[in-house]
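Both complexes shown next keep chain A, but they swap its partner, so chain B is in the first and chain C is in the second.
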Partner chain A sequence: MSVKTVEEVKEWINTEEYKELNFKREAVVINPPKACQPLGAIFAASGFEKTLPYVHGSQGCTAYFRSNLSRHYREPFSTVSDSMTEDAAVFGGLNNVIDGLRNAYTLYKPSLIAMSTSCMAEVIGDDLNAFIGQAREKGSIPEDFPVPFAHTPSFVGSHITGYDSMLKSILEELNQRQKKSTSVKGVEKTSLINIIPGFDPHVANIREIKHMLGLMGIKNLILADNSDVLDAPLTGEYSMYTGGTPLQDAINASKNKGTIALQKNSTMNTIKYIQEKWEDHPAFNLYPPMGIKLTDDFVEKISDLSGIPVSKELEKYRGRAVDAATDAHQYIHGKRFAVFGDPDEVYGIVSFLLEIGGEPIHVLTATGNKTFQREMELLLASSPHGQGAKVYAGFDLWHMRSLLMTDPVDMMIGDSHGKWAARDANIPLVRIGYPIVDRVNLHRYAVVGYQGAINMITWIVNTFLDELDRNSDDAHFELLR
Partner chain B sequence: MNKLEQIAFDQPGCAHNTSGHKKCVHKPSGGESCAFDGAYIVLNPIRDTAHLVHGGITCGAHNYESRGAYSSGSRLYKYCFTTDLSENDIVFGAEEKLRNAIIEVHEKFNPSAIFVYQTCIPAMTGEDTEKICQTAAEDIQVPVIPVIAPGFMGHKNLGNRIAGETLLKYVIGTGEINRSLEIDSELSVNIIGEYNIAGDIWNILPLYKKIGIPVMAKITGDADYSEVAKAHHAGLNLMVCSRALINIASGMKEKYGIDYIEVSYFGINNTTHALKETLIYFHNRKIITDQFYFEKMEMINRMENEAWASLIPYKKILNGRKAVVYSGGVKSWSMITALTDLGIEVTAAGTKKSSEGDKDKIEQLIGKDRMLEDTSPKSLLETIKNTNADFLIAGSRNQYLAYKEKIPYLDINQERHTSYGGYAGSINLAKDLCLTLKSPVWETVKSSAPWENDLENIFKAAT
Partner chain C sequence: MIAIEDGKKIIEDVLKAYPEKTKAKREKHLAVHQDDCSTCGVKSNVKSAPGVMTARGCAYAGSKGVVWGPIKDVVHISHGPVGCGHYSWSTRRNLADGIPGVNNFVPFHFTSDFQERDIVFGGDKKLEKIIHEINELFPLNNGLSIQSECPVGLIGDDIEAVAKQTSKDIGKPVVPVRCEGFRGVSQSLGHHIANDSIRDHIIGTKKLDNKSKYDIALIGDYNIGGDAWEAKKLLEEVGLKVRSIWSGDATLEMLQTAPDVKLNVIHCYRSMNYICRHMEETYGIPWVEINLFGPTKVAESLRKLGELFDESIKSNVEKAIEKNMIAMNKTIEKFKPRVGGKKVMLYVGGLRPRHTIGAFEDLGMEVVGTGYEFGHKDDYERTKDYIKDGVVIYDDVTAYEFEEFVKKINPDLVASGIKEKYVFQKMGKPFRQMHSWDYSGPYHGWGGFEIFSRDMDMALNSPTWQLVTPKWRKGST
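After this line comes the complex of A and B, so read on.
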């Protein structure tokens, strides 16, 4: 194949021929909509009380995670690294762990240190379990100080895998402590339901779930709740630890009535662990409650599990969302959408679009697996509005660009990285997901639950209407829309 | 230490090198990014090239599109190309994958050159990235340039230096100029260590145009590959961030006999100094006539006076205010001068990201007592409070921390969206400082809720 000139390339990249070649690409990823495991791991750790995320490995990576999370939430984000350098690459990172744990423990006085790894430690094959044990022997940390850990190389999985591994490890570690302290035989169950939000970049989602459960009178424990850490009030005094799930509550989590995870793909191993190890403790892995139908499914599940009927208040709450959907359906019905992001979010958005007549066309994720692809295809097949859609699992935003240029849509939904492809295709981008670094406060709005459905309708419809008003000629510029 | 790293450390342009070869480079410490990032920052602004990150997903995915280096041409440099290594690549080797990735990038984008960054993983598996680049370049007949700066090698600053060495070794000196068509190379300059953050260089280039000095190459802000390649034809190097790229200037002096002077374009006085020094250099060597020289010096005075006049309304607000500054390299001292221009007193300056040379300059400007080596959040916050500073002027990593403590803050690093370079940029800086300081939000932030006052009063009345 002949190489084109720069000018020729400009035109050529918008063609069907280029798209075909682009999809044959094997060795290079271009503009990836994903992050690596340790980012997810420190995110999971941030949801626990007085917990210090710790990355064993190269310090550069940790600096990236901190800026990345800090830009999305517009909050400081604390994580430490034991800064492995060339010496450690040769001799292994044992000394880094011994010194690092000692410093982290004495300087920042955490109640728990959650250790993940960057790829450097993983290529050498550092054994965290042994290293942490030796650090204890050397007195870096007290004998019983909890240091759950997860091996999180960047060359396996993605941020959602890292989230899953770290959360599982923390719950495992804390749960063992419960067994040690329980002398009575048999476990008395509480009426609490555990909720696992998953790698959820919208802090308001946690608040919306709590609100809905509150309307039903269901007591709950969020595992793990970083909403007060990543959306902390301005008090004039910066604190490294501003909230999070109390460790004692997490220790006793298995005594609660059951667990529901709201992001299937980012909690697979955690839920499997709970199902296998926590006695008499039902655990479910759902797609996120986005849109009316998936929220209904969640409400039913929670009602079944708790034995508490759906309250009149929650019915009214639902009714308002249904009303909002009805008021606005005409603006969305028949519109064509491209959706990208993490698998759970993408599934939720597509399910929501289908129920108000939006037509997903390009559905793309970098991090979804085969099961996700199958379930997504089943969902699309179940609706007349899903017939034009194609699912791409394990693809990047350069693939997405080809799709937009050859088979145009009206709107793209995804994170901030989508803005260049959207600009080239001359379509608006509604921002849902991670990271959102070019708009303010979106993480403070829920996209799950009935309020989340209202928010998504608001953003999507008003974006279309803003475009219409800005682009219409005098004749078509109207007061009523 | 490999050869390139040795060269990067062993810097003859640094007077401080005498007491040990690592002195010149800023020492590694916690909380900051790595050598890969440092190299990427320097090379990435070369806009018509592809930047292929050979490693796991971390290095490419967390960095792309997020630096504010503007381009007036191609935007190819913003794309993240990565080999996104998997477990199999590590077990069976990723050399073939890298070769294919280079070819795919070439076929699909036809960039002027491809920079290939070797990150931690291929460095640890012992891959010969240089060799792969060399053979690939022969195959595709386009420069494929290995950048050997794995993160574990050291700090961001070391990466800056490695990028400099890479440019010297592979790029500078490879391009030719057409003497009949192009600028007078004897009278031209290169601007080194200026990345066009928020369009800084677009406020600097017009100034050189006005004083009749052509710019041969910008290294690397808003540059094309071909212009960096022919930089060795320039008559003088203007070294902006010496901490990052002094090795390019000293290397070009050694290799091509091109002199360099250290300059900064932050603040009115610094800008004038930079422009005048350039003229003085060419005048001393009789490359420009007396008449040309005096005319242009006069022009600089006029431009400077205009800038001072525009500052008057802002200076009224800023005069006597106090600031704590924490930035790196050239900005760590030139920002102090720029703020002094505005009547602001710098009560402390963080020096963790400054070279020894930068520190000397800082000491001259504000004295040793005001130099802050410990730039941890705690130390910065305490210093702001203890010195009654009105604001913190720093990079984005401290932004939200400052807000949490109710401290006005201004970003002077790569995430800002306004140019602070040259005369026009100095006015922007004054304007932004006023906006930051005078925002009514601080009144809301600093006052407590009305009922809290009521409670306090009740409490007082009761006791």
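After this line comes the complex of A and C, so read on.
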């Protein structure tokens, strides 16, 4: 290594040579934009009425999840842990489940406890089903009290995998209850459409979906709806349970007309389960309705599924978003972007950029499988604006830094963790995704649906214009932009 | 302050919600302080009950997050799956000077990102490779630490052997830290493990240059929001030389050379008393506890330090106190009328459940309840000197208990952590985060008190609290 001084290294880490070395690494992962499974699991659980997320394993994990979620939403996030320690590592966590369920049930009076696991419980191989059964026998919880569970070790997948596993488990558990309570088979279908938002960190997204469906007169059930839980009003009174999908509605969800999931990568197993097990119940896994085209896809799908034509009102609503896009296209057209985050969100952002003339250049996810990579590449190939892009699935933000320094772009889009790379590259970061812990209220704005397209245009364009104003010389500091 | 009998009744009522077994456990951790009781009447540092919603973290959090993480020129590998390192990535506000990725690795998350195959086949080979890759990509690192996550200890990896070999290979310290999250009952054991690993691998391996009789180490200041910089300023103003900080904005060399100082000055006793005791036993370095919150305690602490040095330091201390008290009195004059008489309930970690009481009292505020997330008996023994009879004490408080205590005791301000913050704000209670200074700070030293005072005033007197109840619900007004 010839580089020795601070100044030399400072220059060196920006070079093509460094980039090559950086991309050669096989073992260390540096600044990956992904969290772990149980975070997604407790997030999924938080969307159900009076549901207490419960993590079987080490307690530190739960403290981390709660802090992490509270920082993003600036809201309380309740989850219990059964605090396994060294003795449990030797003897297993049975006693922790027995005492933990009893305490959690007695103290916090939930209607459902959703159990996920930390690494510790998974490495020692605790048998959740048997443990929960024994806890029932010991009277920790009533005989028929629902405790769906999911195995969610951090060494498999990421938070979106955990979301999928927990959601599937809760739906499975609740659906079984429907069968128990229904004596006649082939109960009549409702006209409701189930919507699964996925690991969606923008609470306003759920509200936007409901609003759009309202404009079409389509009745719907959100599985699971944590928009009120994670955006609770300040009234002077605190309640641990502030909303969520009613359990009875979730029990009956399979009787609804069909299901549409809006983040295909975070709901693969859930949708597969619904397709296989729910009778006469079509289920679709879509990319999120971000931008005009993907929102159109969603609208078309929901119109087909419900048999309800797209309403004039919704077309008017769409038209306003298109108006916003054409009004602002000149500020985005030809601009170069780096995008990172969870696969679904990244796909949605890229699709949106392409349709407005922006040029995605570096497209990076920490997770994402081969199907995602292929679909992402197909999307980019389909547009003249996508020709300069390269997809990096399974990479991290230290890779991203090298990309930004060697092949500069005008803006980065992603979560707060992108701020160091953006700063080093001297470009603005527009924050979309999870977590956003250094700006306020962004989760209260939709990024899906037609309103979401308007919001994204607003943030991106105004950020560029703010930069322009701050950096203009006197002559070019103009009133009109 | 509430009457002792009322406090006891409150505790009794709150405990009613628990199943018998847990009630019997929890009642030992809740008390009303009376008769100068040496332990404040509570048991501590034992396992949390399962399922009750403790705020506690784990040994990894105590080691990587607290003790090791702030050492800026060392690359800290979160060894194991991705989660732990993700959640502790730049979430503590331990500020550090330096160029990120060049000579400062604080705002980073280095992880071995374990996959299932690493659990099955072990992670030692991967770890070895990781260390070499990091050393190549970040040549100005002065060493590495391996922060073990839960699976590492359960699958029987030999990180000690990997550390030894790779340290030889790269010619830098590589420190294995057995801070798996399932060890111990809280963050606290992680502090101890981290202290021990520094003792075993780092301390005393370099000599201090330009020694003087005023050389001190500031131990247990993590530079939250710039605290250690404020502390350094204050100590240097009286002529002391802060040669080493553990571990806010620290370099490896500071830890290596620490045994050459004359005195260890410790702020966070809980997380670093171990290393002070070690340096006392091994190198004969005395140590002294100080408190840098609020002018009363700052002045007291400076005088205590003056006593341990010569007349020149003593006279500097008096001069510094006189000089700084002018600004402090102005601050008190400004804010005391706005916050005086207000009641506070605290629940924090480390040292703050006692150390911040003086700062509140300087403003005429009263602490009516306090407790530690991961305190030990010796923390509560020290707490009794700060509190009066009638203060409600809660050790490892559960979410349920804390909520009920606040409802029943009805303080004007709750000062605790991020997990508590929004619960109490929903109740309409002014709140300040006392781990992160709520993204403000520093709170240490003279300058810190001005910020502390402003922040408490801001929380208590924010006009937003008047918006909570709409006028049509306020009755006749």
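As a working rule, the second predicted complex is superposed on the first by the 474 of 481 C-alpha atoms of A that agree within 3 Å, B and C clash if a C-alpha of one lies under 4 Å from a C-alpha of the other, contacts with A are read in each partner's own complex, and residues count from 1 in each chain.
We take it that contacts are C-beta pairs under 8 Å (C-beta built on N, C-alpha and C of every residue); 3 or more make two chains touch, one makes a residue touch a chain.
Model, not experiment: these values are computed from the prediction.
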First (chain B), second (chain C), both or neither touched by A:S254: neither
Chain B versus chain C as contact partner of A:S351, first or second or both or neither: neither
Broader residue contact with chain A after superposition on the shared chain, chain B or chain C: C
Touching partner for A:G100 - first (chain B), second (chain C), both, neither: second
Touching partner for A:Y54 - first (chain B), second (chain C), both, neither: second
Which superposed partner A:T295 touches (first chain B, second chain C, both, neither): neither
Touching partner for A:E237 - first (chain B), second (chain C), both, neither: both
Touching partner for A:A89 - first (chain B), second (chain C), both, neither: both
Partner chain in contact with A:Y108 - chain B first, chain C second, else both or neither: second
First (chain B), second (chain C), both or neither touched by A:N205: neither
Residues on chain A lying within both footprints (that of chain B and that of chain C): 1, 3-4, 6, 9, 13, 18, 21-22, 25-32, 34-36, 38-39, 58-61, 63-68, 70-71, 74-76, 80-81, 83-86, 88-89, 118-120, 123-124, 153-156, 158, 232, 234-238, 398, 417, 420, 437
Contact footprint of chain A on chain B as seen in their complex: 28, 30-37, 48, 52, 55-66, 74, 78-87, 89-90, 97-101, 103-110, 120-121, 123-125, 140, 151-154, 156, 377, 381, 396-397, 400-401, 403-406, 445-446
List of chain C residues in touch with chain A within their complex: 17-19, 21-22, 47-61, 77, 80-84, 86-89, 91, 99-103, 107-116, 118-119, 126-127, 129-130, 133-134, 136-137, 139-140, 149-151, 153-155, 181-185, 187, 398-400, 403, 417-419, 421-428, 468-469
Of all residues in chain A, those that touch chain C in their complex: 1, 3-4, 6, 9-10, 13, 18, 21-22, 25-32, 34-39, 54, 57-61, 63-68, 70-71, 74-86, 88-89, 95-97, 99-108, 118-120, 123-124, 153-156, 158, 232, 234-239, 398, 401, 417, 420, 424, 437
Interface residues, chain A side, partner chain B - complex: 1, 3-6, 9, 13, 18, 21-22, 25-32, 34-36, 38-39, 58-61, 63-68, 70-71, 74-76, 80-81, 83-86, 88-89, 118-120, 123-124, 153-156, 158, 232, 234-238, 398, 417, 420, 437
